[in-house]
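In the two complexes that follow, chain A is the common piece, with chain B as its partner first and chain C second.
Here is the complex of A and B:
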């Protein structure tokens, strides 16, 4: 297993928790087992999340109201937290939790 | 990736929370738009050749509402004259930025735009109000003032309808909120798709049955530009409790949102319950369930340095007015 290079993106206001940056190129360090989204969330919490983790994460997933798109596809179609991350994947988190 | 449920041959890109269908992008657009069209025609929301003001904040709901109404107006020939109406509450860093987005909507969708400000209407911006009253009950002031501001804007624009972007999640939250607070009057009205504020310009909610998640997905895949920051005063809002509850429930079963709306629509208030009747404010003439409308009461409180006036029971306000009996130095003569 080698390192995996992906892009993690934030929208809908979620970027405010991440230094107001919408796109983050990320290199996930090689490990024995596959990287799944659940692992990525822990990694994001430890490495990218600057403040207020409870606004992004809840239990072992994202806070309800945060949509996740993997390569422009709803993660609900891709096994949500158990999706196995591939090289060059683009993972987008969009918050819906704000006024309309 | 599973194939699209419509058997069109393309790969699905999302799972609709409303129906559980998996759809490709184009089929999703079609389903989303057609359902709104169906909502509009079934409820007979608009008469042909009417003028409609779209309450626009620059946020996701009103941006999608404006886009879809324009699209459906053309596709199904509703013969509507559409215009954007925006309210500037005077919240630095929130409203001033989102108004820029509304201006972009005006240009992108080629619709006229009118902006009404709290400062002009009431003499106070929300920033000034919060500085006066502190961080509690901010939404009470803002909501009351904005509702009235929208109605006044609609009258100025001489429109036949005012369309707002309230979505299914909003309405379900409101039903829950009103149950939690025991607000029977609001509970009986809040899930109606058309509400009449008494001065002849009905408010309609074309997105009433549209899920918030789908609105965000639609805006994303249609590449619509919207402003997405939480109001700086929102973290203290009561609605937050209802929202958290609803989101947790939705995670377990998304149909809960539609079910709550249906429960709200079917509620019948016990005849022995005390319900207010609509009349006109004796100060400003705006529609009200009390002798003096909430906006006038709140304004009087602000102008007299009594920020708590108007928060809480109306009976206390009545007593205050009777005792003070101020006709001459009332500062809220808004006509």
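Here is the complex of A and C:
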């Protein structure tokens, strides 16, 4: 297994938790087992999340109210946290909690 | 009656229990057109491709407005804008509906209102937010009026308090203390929130009248309506559910408040905005203690339950739809303006207690006969209760 290059994006106010940056090019280090979204969330928490993790993560998934799109498709159609990440995937997190 | 041995859990055929979230079936075509690959799942079971999702969402919006047949061409509608996905989606629905070339186009005159109410942010953040909101409303090419809640509290509703651009709206830097003083008589967060919501409602209606609008659109979505319903029942406003959570709030004679997004959920609107490349104005939120008020508690309850039981919100809504106003509508509450039932000649238990309490505090006038004392007492008591408040508002005004 080699490194995987993906883009992680944030919208709907979620970017406020990530240095106000909407797009983050990410290189996931090679490891034995496949990278799944659950692993990515842990990686994001350790490497990208700047503040208030409770607004983004809950248990071992995203907090309810955060929409997740994998290559512009609802992650619920792709087994949510168990989806196996591929090279050049674009993972977008949209918060529906901010504002109002 | 409940009996021992009545728990018939084997009989799941006639299950009265709410369905739990199911795993999505692997059949991978759009539910509607059966051809294209789906890109979104709604309510954990309905899959749609991009085209079917967009056309279905727009149709749902128009169908709800059209079903009630309330708005006539050229009616002026005050569109209340709020930050977030619901507000942005509403503006987009209206703009694209008005711009349609076909006979299905929307025909009314929208006027957008934004009431700045973010005193938890710094003055600079609030000014910046206001500019972004102005930019967003301009993007949709709507006439707009901007104001601030603390201005409305201080000066009331008049043409001077409504501005048409952000630059000339001079925000109060002590907004928080103005609002706190306004609700200072209320002793807990629940009552403060309740009182403030009634005030906001009044301001909204007065502004609509000032701007000659017959209707108001508010961006409440299904989960807001469901939490509101449970809050109303808890607080003693159960008789007003039809007004506070129905499609139309018709308590005022000239202005009707409509909730065109009440059947939508946040995921639908989030996806709708994403597919239309819309980015709502958002701001740093404060994580509230969810137990600090009944309103917060109900919101948490509904949202948490909805995660594992996606039928929660629709069940609450459908049940609420069956609760109409009572038929005897004589008096209107002086505070919330809702109608409440005519009181019968006999005192109800709350009033009886009130009467006993009051009588026992009156001084004894021995110069009158007992007959005269009796008549005087009754008259005095009736004069006391000449204020007209509904059950809940009476508690707020005590």
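The rule is simple: the second predicted complex is superposed on the first by the 98 of 100 C-alpha atoms of A that agree within 3 Å, B and C clash if a C-alpha of one lies under 4 Å from a C-alpha of the other, contacts with A are read in each partner's own complex, and residues count from 1 in each chain.
Methods note: a residue touches a chain if its C-beta (ideal position, glycine included) is under 8 Å from a C-beta of that chain, and two chains touch if they have at least 3 such contacts.
None of the values given here were measured: they were computed from a predicted structure.
In the superposition on chain A, contact is made by A:76 with both chain B and chain C. In the overlay built on the shared chain, the residue A:13 is in contact with chain B and with chain C. In the superposition on chain A, contact of A:36 is made with neither chain B nor chain C. When the shared chain is aligned, chain B and chain C each come close enough to touch A:95. In the overlay built on the shared chain, the residue A:57 is in contact with neither chain B nor chain C.
Within the superposed three-chain model, A:65 lies in touch with chain B and with chain C [touch as defined at top]. Once both structures are placed on chain A, chain A residues 11-13, 16, 64-65, 67, 69, 72-74, 76-77, 94-100 are touched by chain B and, in the other complex, by chain C. The touching residues of chain B, counted against chain A in their complex, run 1-2, 12-15, 22, 57, 59-62, 165-167, 170, 212-213, 215-217, 220-221, 228-231, 234, 243, 247-248, 250-251. Interface of chain A with chain C (complex): residues 11-13, 16, 52, 54-55, 64-65, 67, 69, 72-74, 76-77, 92, 94-100. By the touch criterion given at the top, residues 24, 28, 38-41, 44, 47, 82-87, 266-267, 269-271, 274, 279-285, 287, 303-304, 306-307 of chain C touch chain A in their complex. Contact residues of chain A toward chain B in the complex are 11-13, 16, 63-65, 67, 69, 72-74, 76-78, 94-100.
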